[in-house]
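My questions all concern the structure below.
Note that the chains take the letters A, B and C in the order they are written out, and that residue 1 is the start of every chain.
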């Protein structure tokens, strides 16, 4: 059932321009929106699409408002505004409450929890109100899962781990597997160090598909409130990730790394073990953080790509950079000698 | 039951040399083949193995045919020929048809579909003829899966996604998880953008083990016909991958990237978001594509590895490349000055 | 129930200093240990913690023994000693024996095997004594699993694979998926090469969460005894990994690579296909091995990260390294000319 544009403004604020009675049935991109849809302009690069969009209304910043002939909501933060409206217009439909007959649940759980087909929940598990555990998830003995959390299918949570409220954990994620800890014998073989810590996850954390988070060796692996982890991330044992830090896909974080609050880590970046990253640090895509970063800022270590032949010519030189530097120094000495004479 | 070599030639073409009545029981590498096996030579590097192979017949190109004393099939494309013969000689055995009693299937499906143990198939799912869904897969409400597709165990397909005909999806793959989309509050916390698009996958697509493909934010994530994705790949929301593009393992593709047709992307490469890659582009292993590639060709951005001490000496210079360039310029100026005087 | 410190020394050796009757209830880090806990000092960087630890006893090397006022076990290899004691003090609790009623087991298995909820074990599977198969695992037809192996939840083993004794396989791991093998048609489409080899895994191998190991194309993919693989690793078809090699998270190994014995491969490193790595090679984190390594040693190919502005200034030069080398050569020639004249 559509809502009126002015209802949205009454609820979320912003300045309305145009017909407040416009009915809004959903949201869409400027390019993809059809009749009845509300769109938004967050990236100035797409401003020209305001002229051609079929959206009936657009959320945008004051400086772009004049470019739009349809109804609009003017706000200083159009993307954030859009996020709130979209979530309100389209709440995720919840699976029905109760335990599917094929699920095996060895702990007492609240009546409003939804447990899907073929789930196994072990003994001594504490699950709070409103949790959704989708099909084929496995939750080991002694885990705790906070109110309103949602586990998508095929998630594994090992014994003894703790997940806060309103977590969203996507399919294939593994929480609490053993950290990679071994001591080496003199013959080169490895003796496993028992991994007896837990994974402790705060509130409002999202964890992407096929991401894995190892339990601590002795102390815990800790993910603080509001952390967002994308897909295919590896979090090793005893890592600590601070509040509101967001980490893009394919990142690997080695053991005992300590990442600050409100950081952003770009896709496929790597964080080496036993180092510290300060609050408010941005690590660029594909950058290897090989030593601690003690000051807020943006840090990068990526290499440009080139057409293959050009790459061959230029990057082969990397093996001889030291020799190049020596040659420059030698030239400087010889030139100074000549300059003295002349 | 063996086939005769001349039956193979009758079916797949090529020129037969040697005894056409040779019985062929299977295929093998030049090194590993035993009696009764047919082998192939595709890479000239292995040509010397023709002298020692125990294969009873070999598929090879005209220029290598003279090196082989056993029976042979001569063709301009030995690897392609081998692929066809191998698939014909060894069709994958299909699990028995019907629904395993432990599976929970909430939609009507054709009689010739095979559904394994502990599978959950939600409501409003459309599954075409001959599909195989192996044990512990989860297929969400409203999905469509085309004829002849095969899902290996523990695959998760989120609600509303669409998979074409003859797909092969390996264990642990996740299709349709939420894209990583958040707007930021002024305090650094994140507001989730509902991810309401789908994943739409064409015909003849293969998806590797533990690969994840996120659903679109508003519009769909699209994988066109014939695309081959290896293991451990991350495909973010609203990515578009063109027909017959093949992507090796551990690649990460960020949101809204648009990859052309017939591209090849090497292992562990990264594709940044909101960029375009033209048709027929080859991206080398481990290369980060940080801007659009508008022309067909091969592009590379990898760094050579060195013995550790040599690496230390050379790569420390990367921090001073700009200073080195300045020194060269200063030398040029001073030298020109001297040359004028002399 | 606690053990006495002198019981530990009687069992594992080392020199006891202090009160041998000290009761030990568990192990902990120097920082995290509480009363009743035994700790260890392996990394000299943490030596100052000896003064503040609340551990009742510490395992340490002779040179650090004097810094510790509590009871201590002095040994030349404190980390290895700790590994052995920790495993002895805290054996992993085994799930109860027998087959969960919800599991589907189509092969005969020993009475002391533990099979969890919703597991599927296919026909012709050989499982040895004491194996643990946790909830929602899938083991395909014809597999063999050696005595004492432990599969955590949601592991998939494809048909025909072989796993040795005492393996530990973490959740979400996939063993035996098809290798990524295709021959290309002239129109750019791909013909699948049937992957008919197996994965053969030796004894005492550990495989991390969400790691995938492809079956061989024709011959097998082989993981020798004692190999340790961390999380999120990709092992392609026909790879061979030698005894006691340890590989950190997010590594990708391309097809037919052959890695020697007792190697260590750092996180997110890449190994290209069809190459050889000798025994006792250490590959650094994030290093791409693009050609064979024939001698033991440490090899590195990573790039330093910089503050973003500094990175821009320096790394843009990578595109012009060849030109820089040319300029140096030109300067040398001109300078030699001048020197001759002067």
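Keep in mind that, in the parts below, a residue touches a chain if its C-beta (ideal position, glycine included) is under 8 Å from a C-beta of that chain, and two chains touch if they have at least 3 such contacts.
Please read these numbers as outputs of a predicted model, since none were measured by experiment.
**Q** With a Cα-based fit, what is the angle in degrees between chain B and its identical partner chain C, given to the nearest 5?
**A** Between chain B and chain C the superposing rotation measures out at 120 degrees.
**Q** Since chain A and chain B are copies that touch, is their contact same (over half of the numbers shared) or different (under half)?
**A** different
**Q** Approximately how many whole Å separate the CA-defined centres of chain A and chain B?
**A** Centre separation, chain A to chain B: 25 Å.
**Q** Give the residues of chain A that touch two or more other chains, as numbers and ranges in rising order.
**A** Expected reply: 102, 118, 136, 154, 172, 210, 232, 250, 268, 302-304, 306, 315, 318, 320-321, 324, 328, 331, 335, 338, 342.
**Q** Going by the contact rule at the top, pick out the chain B residues touching chain C in the complex.
**A** So the residues of chain B in touch with chain C come to 27-29, 31-32, 77, 79-80, 82-84, 86-87, 90, 92, 100, 102, 116-118, 134-136, 152-154, 168, 170-172, 204, 206, 208-210, 226, 228, 230-232, 243-244, 246, 248-250, 261-262, 267-268, 280, 285-286, 302-308, 311-312, 315-316, 318-322, 324-325, 328, 331-332, 335, 338-339, 342.
**Q** Give the list of chain B residues in touch with chain A in this complex.
**A** Checking each residue of chain B against chain A gives 102, 104, 118, 120, 136, 138, 140, 154, 156, 158, 172, 174, 177-178, 180, 182-185, 187-194, 196, 210-212, 214, 218-219, 232, 234, 236, 250, 252, 254, 270, 272, 283-284, 287-290, 297-304, 306, 310, 313-315, 317-318, 320-321, 324, 327-328, 331, 334-335, 338, 341-342.
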